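Just below sit the structures, each encoded as structure tokens.
Heads up, the next two complexes both have subunit A, just with different partners, subunit B and then subunit C.
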Partner chain A sequence: MRAARTAYPLTWRIMDALEAFAAAVWPARFDRAIPWLMLAPALLLVGLLVLGLIQIADTSLRTLDTSTFLMSEEYTLANYNRALTESLFATVAMRSLVGSLIVTVITLILAFPYAYMMVRTSSAILRKLLLIALFLPFFIGQVVRAYGWLIILGNQGIVNEAFGLIGIEPLRLLYNYPAVLFGLVQYMLPFAVLMAAPALTAISEELELAAGSLGADWVRTFAYIVLPLARPGLIGAGIVVLTLSLTDFAMPAILGGGSQDFIANAIYDQFFRTSDQGLGSTLALLLVAIGSLLVGLLFTLFGAGTLAMNKVRR
Partner chain B sequence: MTDKLLTARLTRRRVLQGASALGAVGFSSLSLPRAFAQEPAKPRELIVRAWGGSWVDSLKAGVSDPFTAETGIAIRHDLTEDNEIQPKIWAAVAQGRTPPIHVNWDTTVNATKSALRSVTEDLSDLPNLQNTTELAKPVGLDGYPIVNTYGYVYVLAYRPGAFPDGPPTSWKVLLEPRFKGRIALYNDGIGFHFPAQVAGGGKLEDIPDNMQAAWDFIAEVKKQQPLLGEDPDFTTWFQKGEIDVACTISTNAREAQKNGIDIAWVVPEEGAKFDTDGLWVPKGLPENELYWAKQYVNFALSKEAQQVWLDGLGLPGVVPGLEPPADLADDPAYPTTGEDFNKLIRISSKVQVENESDWFAKFKAIMQG
Partner chain C sequence: MTGALSKKIVLWAFVITVLVMLSAPTIVVLGASFTAGNMITFPPEGLSLKWYARIAGASDLRDAFLRSLYVATICTLIAVPAGTLAGIALAKYAVRFQKTVQIYLLLPFTIPLIGSGIGLMLVLGEARLLGQLWPVGVACCVINLPFMIWAVSASAASLDPDLELAAANCGAPPLSTFFHVTLPAVVPGVISGSLLMFILALNEFLVSLLLVDARIVTLPVLIYNSIRSIITPDLAAISVVFIACAAAAVFLLDRLVGLDIFLKSK
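Coming up: the complex of A and B.
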């Protein structure tokens, strides 16, 4: 004999009703679309980005007519010719590229011990202090931080005042290439620590203890255990720092004194100073190409599984 | 808060005086030829792009506030950089959208680009143009797509303490070894190309065909490791003791001096670049807003508005009979006579616009090298 429906608890009946409603609205045969539905926002964003790039590519193939300040109707590679042959753009591109590589190396060297200490310390207070010091800069914008360095490193800044106390004449610490790189390292450090810390957390401390118990000193443990296992985090941090440094605008503009432009500054100049959107678009596309090539090169050097995205964690 | 106060004051005045009485009081300096059977509806506000600091303060005191007092239309100042508002206006006009501002306060060179692109309204019918000097007319353009409102000079500003033997007399002072790292120029070289041409041994008549002398001189200056920046940077650098000499607009130097910074300026023997700024109205505004935007520009050309506005800036206007500020009487950076103008270098905006991109690229190539 079948039990009366009222024999079931109320919550079961509500769930039955909801399931029936869900089945009517989203039949089981639609289930294969769920992953795509979840990807839809990302696809929409990437699609918009691609549309923008197509628009920029179109503009890059047009030249500016300075008698009407309109872009040419016909397509030409003149902007690419200028971008690849004029010494100004080669200088700026090389400065950006070398600068971003230097910043990446220095930032990773500084970020690794910070992240390691933050993850491994047994002191809760120290961990909190390190976390506060890590997140505090995120509340202060890049421009404000750059202006902070103007105050600290200027001719009448704290550093030069301290030099004065020991009889050293004021030094020009700002408005040069090292000042730009210094500002970028300071700006990028929190990003690198944040990217490296999860990778270090994932390394079991017992592995390091085991290495030690087998006779490895800390250098060998670091070289053969920690560093290889931390590689996904370090590569991820390197990619983020490299691409952000390569495309940075504010630090070269503020700390460079106008003579240490990166590619982004050159793009700004073309769009907003000479009104040449064609050449500006060309430089923008070349910057995207350089950045993509660099990231591609890193993946080629360190393998497709660099970020440990294709590994099953056990 | 200010808007509220203005609204309250105007509402009361409207009640007390009525709109017709307003015209009798001060509208003679405002009204355009009657293209409309009736005065078009007043917008709640007009948006005027301006430079910040003492620039916008002067505009507010001389033009915007009196205009609001006369018309009841509030003025909002948009401090977006002139270079950055330009593509926004161009895009709006190209796409048939309403532009983001009603009046653009712009350099004549920048404004000329917009005029050549045909995004500017014709201002030839402004009544107050009849009372202006030839300086108000943009050179090389038909009609008045822009109205020049004053002139200015790119002077050699210096820290008097660095010149114990007296003020500098030549741009060549920038090459003295003691000023290495203590020089500032605009980051696009604006204001410096033409005096550099003379200081480098070239002739002004050779501009734009042969400016090698200018590039050679600029290359020498580059060896001095100059700082390159914008107007606010110059003030900061003088204030912080970073520089001793700079090529900058006299207004900036005067403002810095007013703020207690040890600074003075000269027009060197080679001359200094004289240029103009102006006002223009973008195409694509609703008809009533266009009318009132033009009224604003017309008002800016009245003698009363020019006197207060340009006293604040310390610059010579385009209306005859303006009194120079006391501190600028006989200053060559405030030219009033033919003799004054003979010491200055003026190149037409059209030549500048046509060659700006090349000059900019050459200056940058030298400075970034």
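Coming up: the complex of A and C.
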């Protein structure tokens, strides 16, 4: 008997011990709590963000005492008053909102044909190439990409040098609004294509062929078949692009050169330039609110698109 | 077939525009890193590897890169168990308040990054944890956690629950079933999720910028600080490190799970 027992592999005996341990500390009648036990680490991690929001809300209700540089003890709404009345913040908010809307429209127009080509092409090599071209910048990070644009668009950059060769005066291509929007479009393209592509995959190619055989040219097929069926993907992509570009920091900071601040830059400046944590927190909380309202509005207007929760599970 | 031809031309015009936009910065940074001159000019003043020699000897750049690696490692080490368990739980069990839990777990994506970053900065400041590096890893994990949960729950949803019942029927106790049936089925999701978590934490910029001080800057923050003053080719050379890491990640992702997985309709 003893010999047979030692013949068990070590891993079996370890597993047996673990099972016995698990059964002892976790009797079967607690089974209903198992999913919650498995969710607990993730819930706790995200809890840090909730704590952060509470902390922001608390700080936003305190004003900065400019003589002592301490936050006031009692709560006041003075920061909200300042954030909503000072024209600087209205300018920045309008710039961000209009900018992100323009970026969303341009990005969707550019991303849709790319996603269509990627899904529909019969060449596996072309599909892989398009996918790699998409993922590489996505993984490289914003700062390096913005750095690349600085080299290309700078005063002594590639574009201006090329202009010089054909006799065009150097143009100031950086540190203006279009430069920021251009950088944002480039940053958002991978997100938009990856959100739109699954919706295009779901459209059967026979539908397009059928439209064609009934006499529709490709423009009409696109307008009446592909675009309406791809709507969930386009809405999902639009929401992601809109919220990400509305709240972006790096592109306005690097390609805007401080003159084209978006909301995120204004918040950063309140914390690290003027050290007014109260006002900075107020702006941050307002941004969270604007972002959530915008997403909620789009959800109610167009539906949740590919972002819908029930689609994540079968 | 003029219709088919015009469709081809229009589609290709868009695709090439996007390809150029996506690739231009990468190609230009690669090219600039090999210049022999002291400035980034066009056309380049000859080829050399001198800027690579320069960054190999620059301890601040090397330290910043090591710190970024450390942050990405911490992030991945936390995200893999937390995200895997949560992903399996969401896909397998009908939890009460399922909708609420899902919305809650998506908070890192719905709260703007600057809001998350400021909030974490205030919380870490209260806890006297600012100025250390490991909280930055935790923060990167929190803001990207939905990627990990998504990847795992997508894999887990395609696992037939009958397989687990079959294992139990053959006498496997719960833990054995978990380790031999459930976990192997979600491995593709765990791999793609952890790759995403690692690479996103490696080049995470904004949250790093908010949480680090001058002594512990990570590489993206260092590059950001430098391009605000003067643009020299050594920055291009160090940026190539990021490009190489991204290329490795794309290659691995393609090899291990296939990039085509992202085209599948849900």
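The rule is short, and it goes like this: the second predicted complex is superposed on the first by the 254 of 314 C-alpha atoms of A that agree within 3 Å, B and C clash if a C-alpha of one lies under 4 Å from a C-alpha of the other, contacts with A are read in each partner's own complex, and residues count from 1 in each chain.
We take it that a residue touches a chain if its C-beta (ideal position, glycine included) is under 8 Å from a C-beta of that chain, and two chains touch if they have at least 3 such contacts.
In this text the structure is predicted, and so the values were computed from the model without any measurement.
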{"item": "Partner chain in contact with A:F69 - subunit B first, subunit C second, else both or neither", "value": "first"}
{"item": "Per-residue touch tally on subunit A - higher for subunit B or for subunit C", "value": "C"}
{"item": "First, second, both or neither for A:A199, with subunit B first and subunit C second", "value": "second"}
{"item": "First, second, both or neither for A:P137, with subunit B first and subunit C second", "value": "second"}
{"item": "Touching partner for A:L181 - first (subunit B), second (subunit C), both, neither", "value": "neither"}
{"item": "Touched partner set for A:I152, first subunit B, second subunit C, both or neither", "value": "second"}
{"item": "Contacts of A:D261 with subunit B and subunit C, given as first, second, both or neither", "value": "first"}
{"item": "Touched partner set for A:V103, first subunit B, second subunit C, both or neither", "value": "neither"}
{"item": "Which superposed partner A:P35 touches (first subunit B, second subunit C, both, neither)", "value": "second"}
{"item": "Partner chain(s) touched by A:T274 [first = subunit B, second = subunit C, both, neither]", "value": "first"}
{"item": "Residues of subunit A that lie at the interface with subunit B and also at the interface with subunit C", "value": "150, 154, 156, 271, 277"}
{"item": "Footprint of subunit A on subunit C - complex, ascending", "value": "3-4, 6-7, 10-12, 14-15, 17-19, 21-26, 28-29, 32, 39-43, 78, 81-83, 85-86, 88-93, 95, 99, 101-105, 107-108, 110-116, 118-123, 126, 138-139, 141-143, 145, 149-150, 153-154, 157, 173-176, 179, 199-200, 202-206, 209-210, 220, 223-224, 227-228, 231, 235-236, 239, 242-243, 245-247, 249-250, 253-254, 259-260, 262-266"}
{"item": "Residues of subunit A defined as touching subunit C within the complex", "value": "15, 18-19, 22-23, 34-36, 38-39, 41-43, 45-46, 48-53, 55-56, 59, 110-111, 113-114, 116-119, 127-128, 130-152, 154, 156-158, 161-162, 185-186, 189-190, 193-194, 197-199, 201-202, 217-218, 243, 246-247, 249-250, 253-254, 263-264, 267-268, 271, 277, 280-281, 284-285, 287-288, 291-292, 295, 306, 309, 311-314"}
{"item": "Residue numbers on subunit B that touch subunit A, as the complex places them", "value": "81, 83-84, 86-87, 90, 113-114, 116-118, 181, 187-188, 225-229, 236, 240-242, 353-354, 356-357, 360-361, 364-365, 367-369"}
{"item": "In the complex with subunit B, residue positions of subunit A that touch it", "value": "64, 66-70, 86-88, 91-92, 95, 150, 154-156, 172, 174-175, 257-259, 261, 266, 269, 271-277"}
